[in-house]
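Next come the structures, one after another.
Two complexes follow with chain A in common, the first pairing it with chain B and the second with chain C.
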Partner chain A sequence: MTALLPPEIEGGSRFDRLVQPARVHGSLYTDPSIFAEELRKIWHRTWVFVGHESEVPQPNDYVRKQLADQDVVMTRDKDGELHLLINRCAHRGLQVCDDKAGNSSSFRCPYHGWTYRNTGELLGYPYNKGYGGKNKLELGMGKVARVDSYHGFVFGSLAAEGPSLDEHLGAAKGEIDRLVGLSPDGQVKLDAGWLRHRTRSNWKFLAENETDGYHPQFVHGSIFGVTGSPIGALYSDNSTAVTRNLGDGHSENDLRPEFRSFAEPMRWFGTTPDRVPGYVAAMHEAYGDDAQRRMIEGAPHVMIFPNLFIAEIQVFNIQPVAVGECVQYATAVQMAGGHELNQRMVSQSIGSVGPAGMLLADDTEMYERNQRGVEMADPEWLDVRRGLGRESVDAAGFTIGAATDETGMRGFWTHYKSLMEAED
Partner chain B sequence: MATTPDPQRHDVVFEEPTGPLAVPGVGAVVESEFASVSVRLDQSGNSVRLRVEDLRTGRVRFLDALELESIVWLEDGHLTQLLDPSHERWRG
Partner chain C sequence: MVTVNALTELPPRPDAGELVAIPQGWEVREVEQFLYREARLADENDYDGWEALWTNDALYWVPVDGEGDHPRSTVSVIFDNRNRISTRMKQVKTGKRYAQAPPSNLRRIIGNVELIGGRENAAGGVDLEVGANFMALESRPRGNELWGGRVTYRLRQVDGQIRLVYKKVVLVDNERPLPTLGFLI
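Right, the complex of A and B next:
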């Protein structure tokens, strides 16, 4: 394993030494004490993507979710309000819900029968004389301190105080707007089911890789070759696409400059309007003159810190498990009013992130080999300087690099460092 | 396929919710992880009734039209009281 601290650098905070402008230290991916600190300072504090409102469409629907190491039940109560309950009985701490999903106005713990409403409130317990009668206990299931959503994307924060979701998302909101703007009804659904990929890698390798435009030509050569996709060529030194640091740890690969120059609607999706006529008609109906622009520019490719990755047609939910293990949940985006586009989104997602898919398996091979690699002793550092000398600031004030530059990773690390340097 | 997964390699699972169930001879099953009951119409009486069976214990209750209508009109608070384990079944 790489040494715990680089000895040759003196002074500054611990994270000044580990996270530098052009390189980061290998122990960030292998040191269990850093992982424990990340749980406290990032995963138990900041806003974390948990799921989507469309996963609990009916009153009393619930789904089990992860929020880092916490087992969470996302419920919709009878009045339609969303809750994120911590899946733990207030009696002796048993896991209350076991199924992945269900519909129930109340949950009964299987150990001694304590029963909760799906808001977390304790509704009753058996043989209540032992407690002096009914309603004698001021107890309930735990709750994620703050719950909020943006266009149906549900986030939770285990900290009662802190920046609002709106502040946390910052410029990344515009990317979610772009995604829902491709639905004729202005809404997406994430109800096609989630594939759970267990990955033997530190979570940060995934967060960094999602907007790494340097690797696609290597790692994804096979899927680009088989599908004849024109996307691979967008990740080269000749590309006009940019990597943008959106601030707050968020980043994107903005392929719009390329798509605008081709000016072909649905090119971003690898198809043509005549193959998805119902969708194209619905877009024109909904957005009039602006429909063409939306269909030319396509969906975002954005990594929202720390764990939501919107990759054009699919969404990934990354959750850490241990210093060298995480889970990637992946699902196909479904456009409300999307007509035949939705079926195609599902089949493309199966081809890319399904059990025999060719995209995520290739990335994951890299994540896992990356983890094995950084467990080796030397060289201790990972280089993140690519494009540092050719960055610029765009009209909106964001730092941008070329399509293959590590501008997104540097934005990730700046935000990471600021969170890790905060008080415990 | 009884191969042992390589602990170093990633694995994939599709998380499917449970689907509807109709068991022959039992009827439609209304089920969650918390309870499992079968429902079917019973026509052995002079009016049709709903036969509801708690499949975990075999206990059966018939509900006639007026009783069912009353359940529809129960206030949520009253329904919630019925869910208190001490209310009836585990009162002792």
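Right, the complex of A and C next:
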């Protein structure tokens, strides 16, 4: 493991020393005490992506989810309200909900039969005279303190106080808007199941890589080459795409400049309008003159801090397990109303992502080699300076870099540092 | 123009429908020898040899969550038709499919081989459906992985040769996070 603290820099906070404008320290990825601090200050505090409302469409639907180290149950109560229950009995700590998903208005702990409503409220306990009768205990399942959603994307914050989801998402909301704006009825679903990819790497390598436009030509050259994919060119030295720091730790690879120059609808999806006529007609009906622009510009490629990555037609939910391990949950975007793009998006996602994906298995190989690398002693630092000398500010006030620049990573680290410097 | 709804209809899932009687002309020993050969080609990363076993209507399926949901409407680890098998082989043969470069060291055991029944195919013939269990030990630079599960094969005799039509691999741990699966399972 790299040294816990770089010795040559003094003064400032601990994270001033570890997170610098052009480099970050290797111990950020290997030190278990930093990971424990991240759980407290990031994962148990900020808004974390958990799932999607379309996974629990009906009253009393539920599905088990992970929020960092917490096993949670996402429920929709009889009135349609969402809850994130911590899957732990108030009596002896067991997991109350065993099934992965289902429909039930209540959960019964197998150990002593304590029963909870799907809002977390304790409904009853057997042989109640032992507690002086019914309704004597002011106990319930734990709950993720705040639950909110944006266009169906459900987030939870274990902190009762803090910025609202709206404030947390900030400019990244516009990217979710872009995604749902490619659906003729303005909604997407994440109901195609999840691939679960175990990754022996610190979670931050993934968050940094998602908008790293420098790697695709190298890591994915094998698949771009054999399929004749034009994606590689979007991330070349000549690309007009930009990397944008959206603030609040969020970043994107904005490929629209490239797609606008081609001005070909559905090029972003690797197809042409005549091959998806039903979708194109539905878009024109829904959005009129604006449909063409939407279908030319395509879907976002955005990393939303700390764990939601929207990669055009795939959605990733990254959850940490330990300092050197995380899980990537990945699914295909589906459009409400079930039209012809959905099967294509499932098929493309199966080919690209998950443990055998022809793209993501290679990214994951890099993450795992990253992790092995930062366990080496020297050099202690990782370099994040690419493009620092050629950044500019766009019309909306965001810092942008070239397609292959590390502008997104630097935005990640600025926000990371601000959260880690906060009081416990 | 094709209507939107017409395109949403799913074909039956590939493992739907009833089996018919075991077709004539199959010897269990011959079937086993074929399965062992397929396993050896996969273990030894003989991509060309392995790919040549498949028919043109090939289907190579590794679902998640037990037997899996419909593979056209939900995600699977692998759901390859013949074209995608070919793409997968071309990618790995570049030598820059980093998830498999260097390739895994691998050996698997196949057991409990059982002729299950016949499966009617689109051409009007009947393929042989075979079930087996397997266990594979994979060694990679960052450690070993143990893989195990149930395999369902469909086999067809083409010009006197046995060919592979369908292979579905239900991993015993496919309800949990899986590590990278870069080799031919």
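Everything below uses one rule, namely that the second predicted complex is superposed on the first by the 420 of 424 C-alpha atoms of A that agree within 3 Å, B and C clash if a C-alpha of one lies under 4 Å from a C-alpha of the other, contacts with A are read in each partner's own complex, and residues count from 1 in each chain.
The criterion applied here is as follows: a residue touches a chain if its C-beta (ideal position, glycine included) is under 8 Å from a C-beta of that chain, and two chains touch if they have at least 3 such contacts.
Here the structure is a predicted model, which means the values were calculated and not measured.
Asks: Is A:364 in contact with chain B, with chain C, with both, or with neither (first, second, both, neither)?
Replies: It touches chain B and chain C both.
Asks: Looking at chain A, does chain C or chain B touch more of its residues?
Replies: Counted on chain A, the partner with more touching residues turns out to be C.
Asks: Once the shared chain is lined up, is A:123 touching chain B (first), chain C (second), both, or neither of them?
Replies: After superposing on A, A:123 lies in contact with chain B but is clear of chain C.
Asks: Classify the contacts of A:40 with the two partner chains as first (chain B alone), second (chain C alone), both, or neither.
Replies: neither
Asks: For A:198, using the defined touch cut-off, is the partner it touches chain B, chain C, both, or neither? Pick first, second, both or neither.
Replies: In the superposed model, A:198 contacts both chain B and chain C.
Asks: Check whether A:134 is in contact with chain B, with chain C, with both or with neither, and answer first, second, both or neither.
Replies: It touches chain B, and chain C stays clear.
Asks: Quick check on the superposed pair: does A:100 touch chain B, chain C, both, or neither? Answer first, second, both or neither.
Replies: both
Asks: Check whether A:78 is in contact with chain B, with chain C, with both or with neither, and answer first, second, both or neither.
Replies: It touches chain B, and chain C stays clear.
Asks: Just to be sure I read the superposition right, which of the two partners does A:349 touch: chain B = first, chain C = second, or both, or neither?
Replies: second
Asks: Taking the two structures together, which residues of chain A meet both chain B and chain C?
Replies: 100, 193-198, 200, 354-355, 361, 364, 368, 372
Asks: Can you name the residues of chain A that touch chain B in the complex?
Replies: Counting only chain A, the residues touching chain B are 78, 97-108, 113-115, 117, 123-128, 134, 193-200, 354-355, 361, 364, 368, 372.
Asks: Given the complex with chain C, which residues does chain A contribute to the contact?
Replies: Going by the criterion above, the answer is residues 100, 192-198, 200, 219, 221-223, 225-227, 277-279, 281-282, 327, 330-332, 337-340, 342-343, 346-347, 349-351, 353-356, 358, 361-362, 364-366, 368, 372.
Asks: Could you please specify the touching residues of chain C with respect to chain A in the complex?
Replies: These residues of chain C touch chain A: 1-5, 7-8, 10, 62, 64-65, 69, 71-79, 84, 87-88, 90-92, 94-99, 142, 175-182.
Asks: Which of the residues in chain B end up touching chain A in this complex?
Replies: Where chain B meets chain A, its residues are 7-18, 32-35, 76, 79-80, 83-87, 89-92.
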